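In the two complexes that follow, chain A is the common piece, with chain B as its partner first and chain C second.
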Partner chain A sequence: MDIDVSRFNQLFFDECTEHLAEMERIFLGINPSDPDREELNALFRAAHSIKGGAGIFGFPDMVSVTHTIETLLDRVRHDEIALTSEMLNLFLQAGDVITMQLAGHRDGTMVDEQAIQSVCGELGAISANSLPALQPPRVDPVGRTGDSREAAAGSTYRIVFTPPPNLYTRMVRMEPIFADLATMGDFTLTARFAPHPEFPVYDPTRCLAHWEMILTTSCSAAEVVEIFMFVADEEEISIEQLPPVAMTAGRSSALAVDSPPVSHGKEAATTGATSGGLRGYDHATTHSTYGRRREEHVETTSIRVGVAKVDQLINQMGELVITQSMLAQSAKQLDPVQFENFHRSLSLLERTTRDLQESVMSIRMVPISFIFNRFQRLVHDLADSLGKRVELKLEGETTELDKGLIEQLADPLTHLVRNSLDHGIESPELRVTAGKPAVGVITLRASQQGGRIVVEVTDDGAGLNRERILDKAAQNGVPTSDSMSDEEVWQLIFTSGFSTADQVTNLSGRGVGMDVVQRNVTAMGGRVILTSTQGRGSRVFISLPLTLAILDGLLVRVGSETFIVPLNSIIESLQPRTAALNEVAPGQSTVHVRGNYLPLIRLGELFAIPEAVQRPEDAIVMLIDADGEQLALLVDELLGQHQVVIKSLETNYRKVAGTAGATILGDGQVALILDAVELVRLWRSQ
Partner chain B sequence: MAKSPTEVKHRVSGDWTISGVESQFGSLNDTLQELAADRCKAMQVDCAGIDAIDMSGLQLLHLWMEYAKAQGVGVQLVNLPDCMQQTVRQLGLGPCFSGNSPVEG
Partner chain C sequence: MRMDGQTNANSGGEAQEYLTFTLGREEYAMDILKVQEIRGYDSVTRIANSPGFMKGVINLRGVIVPIIDLRIKFNLEQLLYNEFTVVIIINILGRVIGMVVDGVSDVVTLSPEQIKAAPDFGAGTNAEYITGIGTVNKQMLILVDINRLIGSDDLQLMEPTDSQLDLAA
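Coming up: the complex of A and B.
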């Protein structure tokens, strides 16, 4: 009978990824000269969990590498060897190796065996320099380890594992479990079989075995029990601490064969053991991972759902919103008094739909720490390779945005951080000469501002060099002028192929970066703004929509066409007086509002709608904010505020200048959603 | 199986993991019936042909041996392959299979 456990592999891959991320986070932050005990234990547990899972799911290559890490970590946390920076770097590399192996099993990607051998060899060499070289644990015929740990200061436990009858059919292998226990101390193991029926009626797939173990170890009972986390439920394991005198008796009975199984579960320690004596699992200290454990804490009330399912749910939610909107539109024709109940029900439907939409949208919202946390490792490694000293500060990590945006943001952010490291932050010597601290600072900051998310990458490096940028632009044939403002000069670096780097490094300098950053961010509905002060540093702002799916907007009519103007772009609407209007050039007007003269954009002219109202005094002027620049839009009529579902024009048709997408109104008509900044750009281009 | 009133030699082979134990069980059951019919007193089981074995296979083998013993037939395993010996050790089954020979000349 074959049981396919591969369908559970994805669960292991996901959990393993989380453990690796946690290990990397701790490796990057731990102080080697005074490592925190809990962090060391957390590292050991994570490595141990990965190894256990890899063994269960049949990935011996990962078991081998993780065993090397785990053994070294165990020695560090027991103060047998000191943690060093060199060791930390090797641990990071070993984590990369396991990640590579994981990807190999999950995605079928190539695995660099040489890198694996190299890292394992170096870790082994570190271990060998202090104590005899690490060897895989051996278990002899009576279950005694070949590399017994000195257990003078440890405890002795009697452990009985009585698995359920389906242990074999679950394809569980106990060898890695017992091998793990053998590494924890002096270990004896004996298998026994329960009384069995007559052979002719025996079911060979049914497990009749149980195991009795004696383990003398410096580990806690919780750590011992944790070994079984992947294979056993709480009621299948019993562990009791033995007093030293009981240890001998326990061992002498270990050789008996076919005696009745020891009753498991709730035996108390025979001699009134100290707080180390336990029954079953110690819930206070055991940790929940995938596998067969009774789960009690908040973490286990979540379930994993594929992104595709969430996207499908959001799409269907969007369709529901559109349908509800159509229903509301149709109901407008019904007398509100005669059809009072119907209108009331529709109001309730609208409220419920809105609540449901918010709940569904929140599923996709993830904290930006999801990508921010990746940069600790990036900055650490790159600063190291460049011989620079850099501190990375993270602010606003709990700021949430749409998961789709998070993933698309990773590459642009990575490029910006690399640029800061490579071209922004100076070497320690140069910084000190300039009167700055030797350690440069790169800050990643996220915040919600109105209906958008703003992500900043700031450094206190050398800043942009205006003259070099102008020279480079001139060399590239880009028209420039000395009278250009600094902001206009900074925009030149977004030109394709632009780079003022003296050298092309592995990191940057090929001139294919900032234009791609801007293009990627724009594709997300965002924009990039760069500011810089020579000698003091640079700051890049990325402004993104909160979510790609829905929008609060104001319906406006221009001629026979309907548009949506995002609410967060609108400052106010007014009907201008003639005296407030000024024609500054043929076809170009301004409107005077509270001391400011704002350019007037006629949407009817911009989108070639001939029947649009021509006289502003007969129409409505909407004051909008386009990333800090204020302008006035001329529309015929305001139709009302709506929350609309954004449909991509690019996906369904093509990119339309001046727009952020489209939506389907309640009457079934398609309305274009205007983008303030794109609108301004379109207007200026015309 | 060589026939003798007192001792027989038997070979086991193939897959003795959870994937193959059910078919091995059938074969062992038949052997037990033949042993009873032939009134054998001892049986030597050559394990050299075992390709792979796990706890389910070792359990089966052990229980078969115990049952044969209960029928008055002494069973000795010989030529245990390395994989089998290792698995016996790793699973704490040494006492169950003590007195058997890894290799017989």
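Coming up: the complex of A and C.
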């Protein structure tokens, strides 16, 4: 039966990517002089899984590279070769090669055959060079398997594979397995059939056969069993090493009794059903213990779900929240005594909805380590090529962020880390001269602060050079003046086409970078803040909304219009006394709150709402925080707190100045969601 | 809907169906395939600092949809918002947009020979959105190029850059 496995390819690609990431993580973290055994095993498992998968899905090129890695790893694992840092670098390159091959198969991108050859060649060379010196010839009893490599060529094994009846329905194909075995040495295959029942009881999808194989090979029993790793559980495989004499006997008897050895792929058709085939097959004898397969079968604790499905769930959740609040609003008109039960159910519904909403939202949340970990490799490679010594510190990797945001964050963060490496961190000599440790430190830190996630990239490098930025800006025709504050000067590097790098390197200096960072972050509803001290380093803060979908807000009324003010930007609300209000200039007032004079933004005026309350004393002043700056916002009335689903205005319309989007209220009306920072910007521009 | 506006089976050229609507005293027609639905005028949420013809946004089954008043755009007097005021919800350029008109009249089929080129009114009028003049039962229909109208910069329905992109596509 021929099954088209190509539809499972995506699954393989996903898994393979995960295994590769895992391998890379371990390679980067491992200590060559004292490698952790568990980590070596994990590496081996990952390599082996890739190999197995690649074999099943028919990517022989990947099999060959992973096989080389696996072979070398296996020998390291068994202390036959000492791990060196060169070897680790080579492993990393090999990982890249596999990634490239993977991309080639998945996206049809170009594959650099030369790179593959050279990596395999080098790995092979290491393996071959150390072979005689480090491999003591030893013969282990097969019963223990798993850790022994048979040095003497020509051990003979009898392998019996008794598959479960559902073998075929599990989409397992035996032909590639037999083909693999055949490449390992002298291989004889015999299929034996249990007597099958008569029609109509006979079910052709059930596997009634078992296979008996004789293999003479230089490989260890462990390696032989590994071939079966993806098709068989340990109790389905029995392997025994035949003594040289028994071998010939066993083999000849097999040949004598049954039809001649058949080529793989035809065994089921050509061999006759012989119940006598069960002879010599004994569950109790010399079982090879294969715990590994077991471990991998441990209860799966996660499932793969398409992002589209999750998004749909979140959308529907949003609708449910709206419906629930509509219901709550209608219920207010009902007599609480008469409809006591109804009200109780309703409050239960509200609580459940809220819990459900949290759970649904959490599905999309991914720890930020998801992207942070990529930077270990980036920094490792870049520092090498730049001749700098850099340590990357990660903090708060467990901070969770919406998956959509995480993906969009990868590019800006890469830019920032590269910038820090290229422009920030100085060469070791310069650092020592400046009295700093030779090894520079780049820190990636993530933390949740209220309703926002703050991601920080800090380096202890040279910091920004004020004069150079001003010079460069002047060259680019950007208006500058010497009286600009540092903050304003740093803002200049966010203008497009700006680069102070002395020369264009392949890392940075092309003038694309900081403006892209700012644009990407702004598109996510975030903001970038940069601080820097010359000679001490610089620090970039990226502040992002926790999630894109739902927000806690305060409903406010101005005239006949309703707005949502995000709760996380509100400090407090108060009714101002006349004494606290001062008119600084015509139409420009300040509110005096606890020693601070805060500029007053009249929302009614800003949004041209005719019926808005004119006298601040009759209205409400909300103190808002716009990225660290405090301002007072004048609204007519506070209507209450609501959790709202953010809807984009841009889907069908365009961005509206001063807002972060819109939402649908309990009565079905649309209300605009205000954004403190945007609001202040709009107010300043008017 | 009635199809009595349909004229004799035309020969040659692709006949197309148009939705006709009234703005003031004139009959206009637009490609019916762009129409998603027709609904009454409901209260809208005003968008501050937007042009006068931009009435605001509504909630159309969970989607935020902007509403423009074509009567204001086409400088018509006597704006009434009553039970006969109709919003045509159109779906073009990947967007859903509502247009307020005085009324929707009919669906007609026009063959190319029934459509005359629009006279040249010169620049500065709304003439650039008019693709031609059609005649059905001796009545004049002004054919509106809805894509061009909605995508135009002076309607400010889209960010400047992506309206150009959309039109180029």
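Things to note:
Note that the second predicted complex is superposed on the first by the 519 of 686 C-alpha atoms of A that agree within 3 Å, B and C clash if a C-alpha of one lies under 4 Å from a C-alpha of the other, contacts with A are read in each partner's own complex, and residues count from 1 in each chain.
We take it that a contact is a pair of C-beta atoms (placed from the backbone, for glycine too) under 8 Å apart; a residue touches a chain by one contact, two chains touch by 3 or more.
No experiment lies behind these values; they were computed from the predicted model shown.
Of the two partner chains, chain C is the only one touched by A:N652; chain B is not.
Once chain A of one complex is fitted onto chain A of the other, the partner contacts of A:G640 are absent, as it touches neither chain B nor chain C.
Look at A:T205: by the touch rule set out above, it reaches chain B but stays clear of chain C. For chain A, the partner that touches more of its residues is B, with chain B and chain C as the two candidates.
In the superposition on chain A, no contact is made by A:P610 with either chain B or chain C. After overlaying the two complexes on the shared chain, residue contacts for A:G628 are found with neither chain B nor chain C.
Once the two complexes are overlaid on the shared chain, A:G387 sits clear of chain B and of chain C alike. Touch criterion met: A:L189 reaches chain B, while chain C stays clear of it. Once chain A of one complex is fitted onto chain A of the other, the partner contacts of A:F178 are limited to chain B, with no touch recorded for chain C. Taken together, the two complexes place no residue of chain A in contact with both chain B and chain C.
By the touch rule above, chain A contacts chain B in their complex via residues 1-3, 139-143, 167-169, 171, 173-175, 178-179, 189-191, 193, 196, 198-200, 202, 204-205, 207-209, 211, 213, 255-258. Every residue of chain B that touches chain A in the complex is listed here, in rising order: 18-19, 21-22, 24-25, 28-29, 32, 54-56, 59-60, 62-64, 66-67, 87-96, 98. Of all the residues in chain C, the ones that touch chain A in their complex are 43-50, 56-59, 62-66, 95-97, 156-159.
Against chain C, in their complex, chain A makes its touches with residues 318-319, 322, 561, 606-609, 647-658, 662, 664, 668-672.
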